[in-house]
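These notes concern the structure reproduced below.
Think of it as A, B, C and D in the order they're written, each chain with its own count starting at 1.
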């Protein structure tokens, strides 16, 4: 006879009953989903339906490929198994439903026949095993390995055991069926076949087996329905929210913040849950508590109060509060402590590491914005910084003329004297004001440009802060004020091309000024150097003997994905090449200066720059090369704290290049 | 940005140069090379470290504008070939935004033709220096004729030109501490009857002409400063009143951009010792500042940024110059700026490394900062493998070892049998005018806590304890034991040992004989201590004079104290026996016996003998074993610290 | 009740070298402009009162149009009205006359000023205005308390050495405020935006019909120069002394030392001895 | 005006002439020499006739003593009208006020009332022939404003305490006293002093302290002993470096060249040997009492009263003694009370 399977064998014809049975759980599930949906809708509008094809492509890629999830092998593999295991089982069930409820009733045909059926049942068995493996790995990891990144909630064990139970019972039912029917093709359902053998060896009578089969069939059914009922209320909901989140991910440059329309919006920044956009609220549900952000957050690793995972979860909790109690108190300072918010160095590591593209940073800045602009609750030291930026035009309170102090014995044009230039060297406040060591970078930059015979100029005393610190610290008002002044002055001098060695300036000019009507061709100095070296406009006289490690500045790496260029440059200027640190590229450890923390007073926990320097020293190199003046400042002070001034160098890539050319 | 040291870190303009702050490291002789040669690597590293530390201005060591004697050799600055070397130096310093000047000088009679290989040395008049404690410098000079004067003026100008070409920011003319220019100013040494001698105006002529010549050579946009003595502290020499006149006259020339006042002709005032109060000569700068508009520099035993800030805040000077403070801690300006005051390693004014070593024609170092002069080879390098290190003995040797070891990443524990660390320093500080020692002690104790060295006080370590602990390396720095030579009557009650007296553990009678067997500070400070307490003291020394291993500044000061308090010195004499109140002595050369009657107490000042018992019993029984400081062989502070620094780097 | 706060936009020289040559002028590029920090404290104080009693707060300044930046900043603390007397930067006396002329036509109970302006560093306008209005005045207050509606206030005036004098004062009155009185706020953005939109009542100096007495303004006889402060006195040995004597004085740190009477004896009598002296010196 | 008179408005703190007055006197003296003028002081509100000799010591030649029935209440309105009368009557060449809280409130007020030129917080005062040369710092000490003019009217100046150096006059001069009696109509004062709040000695800056108890190595670990004494006298606590090292007092409380230099009325040095580092910070104290075991300790060179002995024995007695005395005078006050 032809291999096939009688669907409701031994349990009687439940075709109709099944629907009534299924209606309940499906209904509940639907309710659960709608409940979440309404919550997201509380958020503000945000356009996320552009570039649909592109969104689909990237969604499918990340689902099928799993590459981001697989960045961590164990959990990655685990998830892959569960995903495909249950995925295929689900498809199997669908095919059956398709045959029994559509094909057969209408056309009286069946498809699960013969070889197709054999193949079908074999696949189901194999993927069933994958699912089994995945689930057991999950249970083992969460409850035996117990990594720091995972927490354990009751819902977790409930869900996991349910799933486990579904699979197991599924196999048992299959096994019992086979032992009773003993079809010739039993080997095509290997798991069932083996289980059957086991039952037989126990010598259970056929009758009892039939009974058992019936029983387990029902258990299996109930368990599955349990899963359907429970998943919208458990972590498993991510099988809906996460793909959605991936689909609606921000396609803009990473870390770019949405500007505020001071005429329309109210309040400025995020006071309450509804002040988030619907996408940001979807984020909260998309979070699977995998803890990768936490494990990559420098603040957390530095034993500071901030923990990105907790932050998201706390927001989720207040999202779930009944409306009334949600409205009365602002989030910042209540469900999220102010210290947490100020601890963030905006290094973007959390966002980078998140497998489901949650934007922690925009939320933190949103909350900061509210604190700063609506309540003016600011750390003492920051008030001064803001005032300096407004009065002096730079956070250090240096003053415009002082911006030209570095210009001793370096040849440069000042555009307010002569604006016939090819490219503008945007010096930035740190490079022109902070101290001699940072001014040194600027001088080096100018020298390099001169060596390459590039016709460049600077704004000099007319330059202002780029506004990045204000923006990251949540003072959008100040940022706009400054940015617009900059745009006007740049327009006045007809500046089109900018080069800067400060990744912070680089980032705002490249990714954030365009939104304000200031579009320029911006490149980072390391990129320029590479071009010059390749084009042999800049020649390396003698490669440096020094053996260095390279530190990825957050605003160059994670924000702008420039990892390789500086490495290439270092490769071509140093004889011995570079040695990577434990954390580099995407997971590079922040220097601790970002988001205003350069000016932050005493904080709890460790000093990040010292942690990073320890990683650098561990490479046993002669020094560290960075491409950001902020990093340089931080590391220099760390070096001094450790009394290693003489033996361990901290250099900016520009300085190094200047030395060897 | 307001902060504790707002004045100290306020930039200032000299001529066309703006200094980033008010901290200056003035010219001095570190002896990495002779002043008539060109600077070498050590010198560059040494100064660069100071620049890195945040000094605003560095004046490189006195450069001789011409050969010091009549012999036709050449000083480096006499040819352009020196320029590249100077350039390297200048660039190294500029890297940190520190400005750099060069001091131009001619030693005049502060020289020894013998040491220089013949010829005769120069001076305005044929009068030899006194230099009571430095015979080599008592040579009869040759009176310069008018041609010499012209020649030197040209030499100054030419040198200044080369300095400018080397990329310096300015020059400074040295007219202090008895060099040629100073000799001309000072009526004591200038007895000329021609236009270059007589009234002050004439005595200044050589200087003013030199300045004019230099200005002509370097042009307007280059800083020219003058360093001159505000008071010779010598009968008939310059006084503060003269100094004011000089200052006015210099300003009147219109060629000078800043004035640098200091004190002393050939005495200890030039490098004030531990016996001086802090910042003793600021009043000179203040007085000069009142009569001129030029920026004025103050110098002299300013060992602490807090004092420096006060001086500036009180408008007593515009710039504060510190040599020894910056030798002792190149990072001082930076630490001050960051408010890490307790981490600053203060100069204690002992003059052991900076002055004494250089008088021995050895490169400079520092009793509290052994890295000084070894910036490169003694840079802190993290240890390859982190060891558990046990330092036994909390004296300076032990402490320095612990400090270096901890910095290099070792896990260090230190054991001291006394209840406090560095007891010896407190004891030494009990002698009058020696409180400076406390600063060194204070620094080490703070460092130990800062570096997380675990400290065990009041524990006498036995070999068993060492074996019990699981230790990779053991450093024995157990110091010395008291050591009274065994002569007849040595154990009689009226014979005591220095430390007992200082700690007031021994009763001392009225008439005391101090037997200075250790010929460094011990005998002298003992006598000083006793005379201060009103005792009659006679000092016996085996050598030709007491303390012949000390630098001349300290000697001068302590002798002045002792003589004025009527202490009696008996050189070349040793002790044979103590017979109650009779002391039997012998002459070192003739051996003839002598007797000192009714002596109440005999105080022996000895090196002590090495306390290296523990070392011997540990030898070969532990993985790594080191010996550091006095217990290797009894010496002074400097040597102990150097030992510690060395061992710390061996680990 | 009404509170009037007189504010000023002050220049601050950020550059270390203010005047490069004696007799030279200050390079305008070396100056930045801001609200006088002392006035910032005054307006903060006014606003704190307003928040408790709901008074009306008027900020008033006299200066050129660019001074409006500072005026608006002050307003953004939460004031109700802004007035600018249009004039170039004047001396204290003329400013006071102008302010008085305007204030006369306003009803007021309390006038607050910063103790002095950071740039001119004079601290006279407060007293001048008070005198010209012939109202009472307390300078350098570190605390202010309104005795409800009794037209009275109680202020704390700082006397140095940590001492304070508590003064009761009839209204109307003028108070100049010490910087230590409070920590000024960082105005919120909504209030900044409000301040930007709000109109400023501008009054032409000419319309006030004032006569400025020359000898008081002193403006004709002013000149500026790089600072030349007096050195603080330190011990200086007399040049007429012998070299060794000078040296001895230096060594003793210039402190000749007082000739003290030394006592030794049983503790009780010693204690009494000290007590006696304390009584002599009226310390007890 | 006849002979040019340079007036110093004498200020008082704690019933003593405030140091700033002496500084102004010294300056006035110099000026008087340059302008061939006379150094005068005006005193208000000393009912009992005695005049502080210190004024003479610092070179006062003439004293205007204003004794007014109700001028004793230190109200700006009263002082202003007194000075108004006085200046109108004698029209001095210059009148100097201390730029103290009261001085800097009074000076401009009078200037405004009489329409006199007024310059505050001056740094240099000089005379060139008939002209007055005045330097004042502005723009946070970065710029000096110089005035050079021949005044027709009295010039009102204020001088910050500590800006001028006080130097005693060489040789005493004979003193001319002018007694003025000025009637102030009642009820013209619009301010009323309710009370004084003494600065908490524990909180105020050490440089400002009027009474200082300084401890050194000698007190060992026994901080309490000097704390009790300080509380009893209402004095501030200071100390020498060792105490700071042992963390017994904070750095702000360290007296010495690397710490604070204090100018109190009384400084009691307990168990301090008197290293120069310390002495340099306290040698300006008006009265110094030193307690130390070692009779040879250098501190005694700088003390007006030196007590050789163990402070742990002496101070307890002293504390008791003071307590007794206090009770006594409390009782006396009680007796004096009207009811």
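Annotations
Just so we're on the same page, a contact is a pair of C-beta atoms (placed from the backbone, for glycine too) under 8 Å apart; a residue touches a chain by one contact, two chains touch by 3 or more.
What you see is a predicted model; the values in this text were computed from it and never measured.
Compared on C-beta pairs in contact, C-D and B-C come out with C-D as the pair having more.
Ranked by separation of Cα centres from subunit A, the top chain is D. Taking the mean of the C-alpha atoms as each chain's centre, subunit C and subunit D sit 21 Å apart.
Note on chain placement: the centre of subunit B and the centre of subunit C lie 48 Å apart, centres being C-alpha means. A straight line joining the Cα centres of subunit A and subunit C is 53 Å long. Computed from the mean C-alpha positions, the centre of subunit A lies at a distance of 67 Å from the centre of subunit D. Subunit C has residues 12, 16, 228-230, 232, 253 in contact with two or more other chains. Annotation for subunit A: residues 397 touch two or more other chains. Residue positions 276, 280 of subunit D are each in touch with at least two other chains.
Pairs of chains meeting the touch criterion: A-B, A-C, B-C, B-D, C-D. Of all residues in subunit D, those touching subunit C in their complex are 13, 15, 76-77, 100-102, 104-105, 107-109, 111-113, 115-121, 123-124, 135-149, 152-153, 163-165, 167, 190-201, 203-205, 208-211, 233, 265-266, 268, 276, 279-280, 283, 287-291, 295, 300-310, 313-315, 317-318, 320-322, 325-326, 329. Residues 262, 268, 372-376, 378, 383, 386-387, 391-392, 397-402, 461, 477 of subunit A touch subunit C in their complex. Per the touch definition, subunit C reaches subunit B in the complex via residues 16-17, 20, 22, 228-232, 234-237, 239, 242-243, 246-247, 250-254. The part of subunit B that touches subunit C in the complex is made up of residues 10-13, 18, 231-235, 237, 239-242, 269, 275-277, 280-283, 286-287, 289-290, 293, 314-316, 557, 560. Here subunit C touches subunit D in the complex through residues 11-13, 16, 18-19, 26, 93, 96, 116, 118-124, 126-128, 130-132, 135-140, 154, 156-170, 173, 176, 213, 215-216, 218, 221-230, 232-233, 253, 255, 257-258, 260-265, 267-268, 270-275, 277-279, 281-284, going by the rule given at the top.
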